[in-house]
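Written below as structure tokens is the structure these notes are about.
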Amino acid sequence: MSNLHPDRYFGCKEGAVALARELYRKMSAFPIISPHGHVNPALLAENKPFPNPVALLITPDHYITRMLASVGVTYEQLDIPTKGERSQKAIAPEEIWQLLAENWIAFAGTPSRIWFEEILSEIFSITLPFNKTTAAQIYAEISHTIASDGFLPQQLFERFRIEVLATTDGTSDSLEHHRALQSTSLKARVIPTFRPDDVSDPERSDWQSSLRNLEASSAIAIDSFVTFRAALRRARDRFIEAGAKATDHGTPSALTIELTENEKEALFVELRNGNVTQANAQAFRAVMLMEHAQMSADDGLVMQLHPGSSRNHSRAIFDKYGPDRGFDIPTRTEFTSALKPLLNRFGFAEKFRLALFTLDEATYSRELAPIAGAYPSVKLGPPWWFHDSLNGMRRWRDATLESAGYLNTLGFIDDTRAFLSIPARHDVARRFDAGYLADLVHSHRVSEEDASVIADQIAYHLSKEFFRL
Amino acid sequence: MSNLHPDRYFGCKEGAVALARELYRKMSAFPIISPHGHVNPALLAENKPFPNPVALLITPDHYITRMLASVGVTYEQLDIPTKGERSQKAIAPEEIWQLLAENWIAFAGTPSRIWFEEILSEIFSITLPFNKTTAAQIYAEISHTIASDGFLPQQLFERFRIEVLATTDGTSDSLEHHRALQSTSLKARVIPTFRPDDVSDPERSDWQSSLRNLEASSAIAIDSFVTFRAALRRARDRFIEAGAKATDHGTPSALTIELTENEKEALFVELRNGNVTQANAQAFRAVMLMEHAQMSADDGLVMQLHPGSSRNHSRAIFDKYGPDRGFDIPTRTEFTSALKPLLNRFGFAEKFRLALFTLDEATYSRELAPIAGAYPSVKLGPPWWFHDSLNGMRRWRDATLESAGYLNTLGFIDDTRAFLSIPARHDVARRFDAGYLADLVHSHRVSEEDASVIADQIAYHLSKEFFRL
Amino acid sequence: MSNLHPDRYFGCKEGAVALARELYRKMSAFPIISPHGHVNPALLAENKPFPNPVALLITPDHYITRMLASVGVTYEQLDIPTKGERSQKAIAPEEIWQLLAENWIAFAGTPSRIWFEEILSEIFSITLPFNKTTAAQIYAEISHTIASDGFLPQQLFERFRIEVLATTDGTSDSLEHHRALQSTSLKARVIPTFRPDDVSDPERSDWQSSLRNLEASSAIAIDSFVTFRAALRRARDRFIEAGAKATDHGTPSALTIELTENEKEALFVELRNGNVTQANAQAFRAVMLMEHAQMSADDGLVMQLHPGSSRNHSRAIFDKYGPDRGFDIPTRTEFTSALKPLLNRFGFAEKFRLALFTLDEATYSRELAPIAGAYPSVKLGPPWWFHDSLNGMRRWRDATLESAGYLNTLGFIDDTRAFLSIPARHDVARRFDAGYLADLVHSHRVSEEDASVIADQIAYHLSKEFFRL
């Protein structure tokens, strides 16, 4: 049925393929745990048929649009919606689909291409290779499928065997879709994740308005750091009631800092009054990480930290199209000194759990694996964003395995907005890990028994247990 | 005829060798495009017989001399010419040749050794292995060959099937050799590249004199930033007339900066008056990168940027032997923040093209591939200098492929002073890429059809099109 | 006899295994040169029977205890001795041994596990796999063996075929054990290494007391920088008399600096008076590296430098259990600029020798290999600490080979406190290098003859010659 090779992406030595197959078979039997992602909960709650193939697979996927941009296709040609309004140009989606096919060679070797072709083959049962000659026919087939019975989001959700899907939600999000989903017959859980970036970074243009939103959503007047913290605690409680198991923090750096209550109060007042400098904004972000670590140690929400992205690097793209359009670029990141205050306070705290992600691979063996291989509260998230790829996974395992082992890492995290790509992403990761483990056995570095236990851990248990799912 | 293995340097899995052979066969059928190198144009214009094997293959190759230095051979023993004068010691070249052979084991596994042995085998048809026993006989054979008919530089140039060779030339270079070559019967093109480092860095001891040279060569009195810029534009035009397609910028960092015209004027006056500090020199270099980007956006010369070398690290070597003697050491380099001003202004500019090189491999996956995989004006140059090696190419492809793909990279660039090594360097790179592509096909990550298209792109089209050759 | 696979850890291609075997056979015939380690010389001098398996293999091995900590086993449970006193809890060692077995899966893929299982198999002839079911029986077998004849430290020392073992010893160490060992019948040498960190870093709490100890041990009153230096020279002489061949420097950074004698004097007085700031402490450490380089250029002790560890990252662990408990975390490190003053002064000095180690792998190809591939005084130490692992060795060779070759590196260095792991560590490294070399031959990058010469160099000669052993 599938036109893809059954042993694809194992990447292991010839002599290890048989074992890789066996490990993969075991891993793929587990349902998917997706503890960190960006699927819009409205998609599932509203459960409406998908629109056309372009709106489904191209427009919202900034991995695809940025690569097209890089080879000279403009966002106008792709009919990317501009900030605040839907595009008016009404380019026929068939035209955009064809444009992707014409430029498909640019994606050779990239994970976007792998996921896309996995979706065509495994979800839409397309057997033709995708290229400029076949694009129109494939478009028609997909259009037909998404209009058919059995292809509504909730049906796919069950078919994908997703046991838990965590979304990412703003500080003051109403969580209405999560509540709505709880009263459906859907067996799988869709849970929110608390992401307080908007109220944690005074350099954001929406910081003051986000604080006002938090006042409203928490029903606490924020007139001091103490009341700010109280409002945050109430917001976290609100998320916990809706099923949340974790928080999510995207910061320019991993800096954490110890300040006295008086210093925090003075800093907050100064910033609230509009006196924002690079220095006091940085200090505030560092304080907020400490605060959320304290709250996590109290309420048990797992803290996820992924610093080091220079957001909206292209001002032109941001001004016209808004954030998350493929123009965030990684930066050098430091963890050892930056996290020292936080780990000194909470590194051994009983309920505290910290998942670390990075875009700076130089930190894998130098900082992250040694930290995770010592502090009981810390686990390493899998390769993030640009590094969620076959080579990226190999570099990550290669650099972290020997200092952190397998048990100080988490299972695969898809981190995706693209609902349809979830099974493909987990499948590719499972295939990689099966092949990598098989190679370790083949080279006499791990026993076959242990590889079998580890395969189950990676595929299911590590994330389920760490995120208390 | 060759004593080298026909499948050398593919480095791929056993099962991929047949395809690697086929891809390599296709790639090697293309002529060489060499858009960035350091061959002295006088060599070709004057077309004189080569001197002895040492002067041809050892003395000018700082990759070889620095490795000999590292194992205790002094530059005196190698008769390296001291600054400003030819060495007087008149060591017999046979002795130096023998010294290399005695220390040949130090080169095991290095690209220098590969290139050297490729030259012996493929250009001089030497079938003996090079070692201390055979060195004298090989010396004699090479001496005989370089004195023979058919071994003049221009003849080799045709025999090497070089379609275009770009040299690197100073701001005020007369370009006489390039003009002379245009009036020969040579079919291949030898074109200059504009490298304005001498007038862009106030910390160079020759900055003021270089400005005076630019005044003379451009016939524009430089008494302000405006006139300096005018002189630069005239210099660029002069290069364009002589066939130039690109500029080349070697800077300590990639820093770029937006200043107003008044600020630039004040900065220039201050520096011109001799008030040079680390801070204002850095600002000036950052300004000059922005200026040249603007000029490239206007005149279409491709901008090549390779920051991050600490030049002349050993003062003793520099004082006695001058620059480019193997004692330049790479430094940590940053691109994401440094290039933000430049990319915000020119990242989408129609005629602007930027080729990025680095000596800091940590930036491959973290910064360079994400930048090249988003901005249409940017392509990644292949592994540079110390990283132009089989392992270096593998690390580069491994780290850049998945975020930048193949089409956001350039074909191989030899970057060499060593004329005879040009075919060897391109051949090694083509072999590597054939093997790497074959492995991607073998592991079901790239289709055989796409690999074939990409092979042609790497071997020929990518560089030819990007450099408008 | 061994239950381990004879071809383990070669990691090479199938077609290269036969050659790897042959190279490994040659390498393993050489005795062990261990020029840098942390075995307590009292262990050998006193030559008492080993205590129980836990005190032998778990408690002192911070690689093992930190990994257990990372998965939630507390140091209380492991009965780690607290600072200044032996633990009072008297947990039965059998219980701790079982605890390791229960958590053994956490070590899958780590070098600790490889070394541990090598020790069980090759030293204790255990044929059972280590797991929670077999742990008690294995404990009993080891207990029996260590109580048996022929298992005293000196006997093992001979059996391990260690030709030279260098320990690491504080500035004012009495060296009594080294002297005692010289008068035994032991054929192998145990030599001290001079490590003056305690008197080189004014930020250490024991700096002033260490200076007083140096006054006492050198019988020179330290009332100025000049007398401090004289005391250091006398201390070095004392070590040289006891057989020392090297010094060892662990610093936060590699920074070196040129100061005048007057500046040094002023700096020393200021610090001695207790005016310690981050800035003047850093300057002093940078000065001391220069001073020791000067002394090395004079007395010929090889200088070993390994910067970049953030010591005692967890204050809680340090306060309760003291240093070296597995909570040192690597930091970003810079060499090119930092070492420039030192290399400009001593890079070509006749007797000066510098071995560089790092925890920041990003510096391998970027800084260290280019430096070692140019300066005759510098060689690269093998992968250090967290990077002493199969993947770490592969990354190190991969990143340094092409710029530094093999001859600018040193043979394997075990750097261990764990006496019993010395043969295992050298054996794993030899196996890795045999496989890596075999792959280079197999891919036509190194000739078989050269691989054979290099194998001998790595296994024995490189370290023996560099350390003048």
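Read from first to last, the chains carry the letters A, B and C; within each, the first residue is number 1.
As a convention for this text, a residue touches a chain if its C-beta (ideal position, glycine included) is under 8 Å from a C-beta of that chain, and two chains touch if they have at least 3 such contacts.
Quick caveat: nothing in here was measured; it's all calculated off a predicted structure.
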{"item": "Chain contact topology (line, ring, star, complete or other)", "value": "complete"}
{"item": "Copy pair chain A, chain C: interface residue numbering same or different (half cut)", "value": "different"}
{"item": "Intercentroid distance (Cα basis), chain C paired with chain A, Å", "value": "40"}
{"item": "Shared-contact residues (touching 2 or more other chains) in chain A", "value": "14, 362"}
{"item": "Sites on chain A touched by chain B in the complex", "value": "4-5, 7-11, 14, 66-67, 69-72, 105-111, 114, 129, 310, 313-316, 326-327, 329-332, 359-362, 386-387, 389-392, 395"}
{"item": "Partner chain A, residues of chain B touching it in the complex", "value": "13-15, 334, 336-337, 340, 343-344, 347-348, 362, 365-367, 369-376, 378, 398-399, 401-408, 440, 443-447, 450-451, 453-454"}
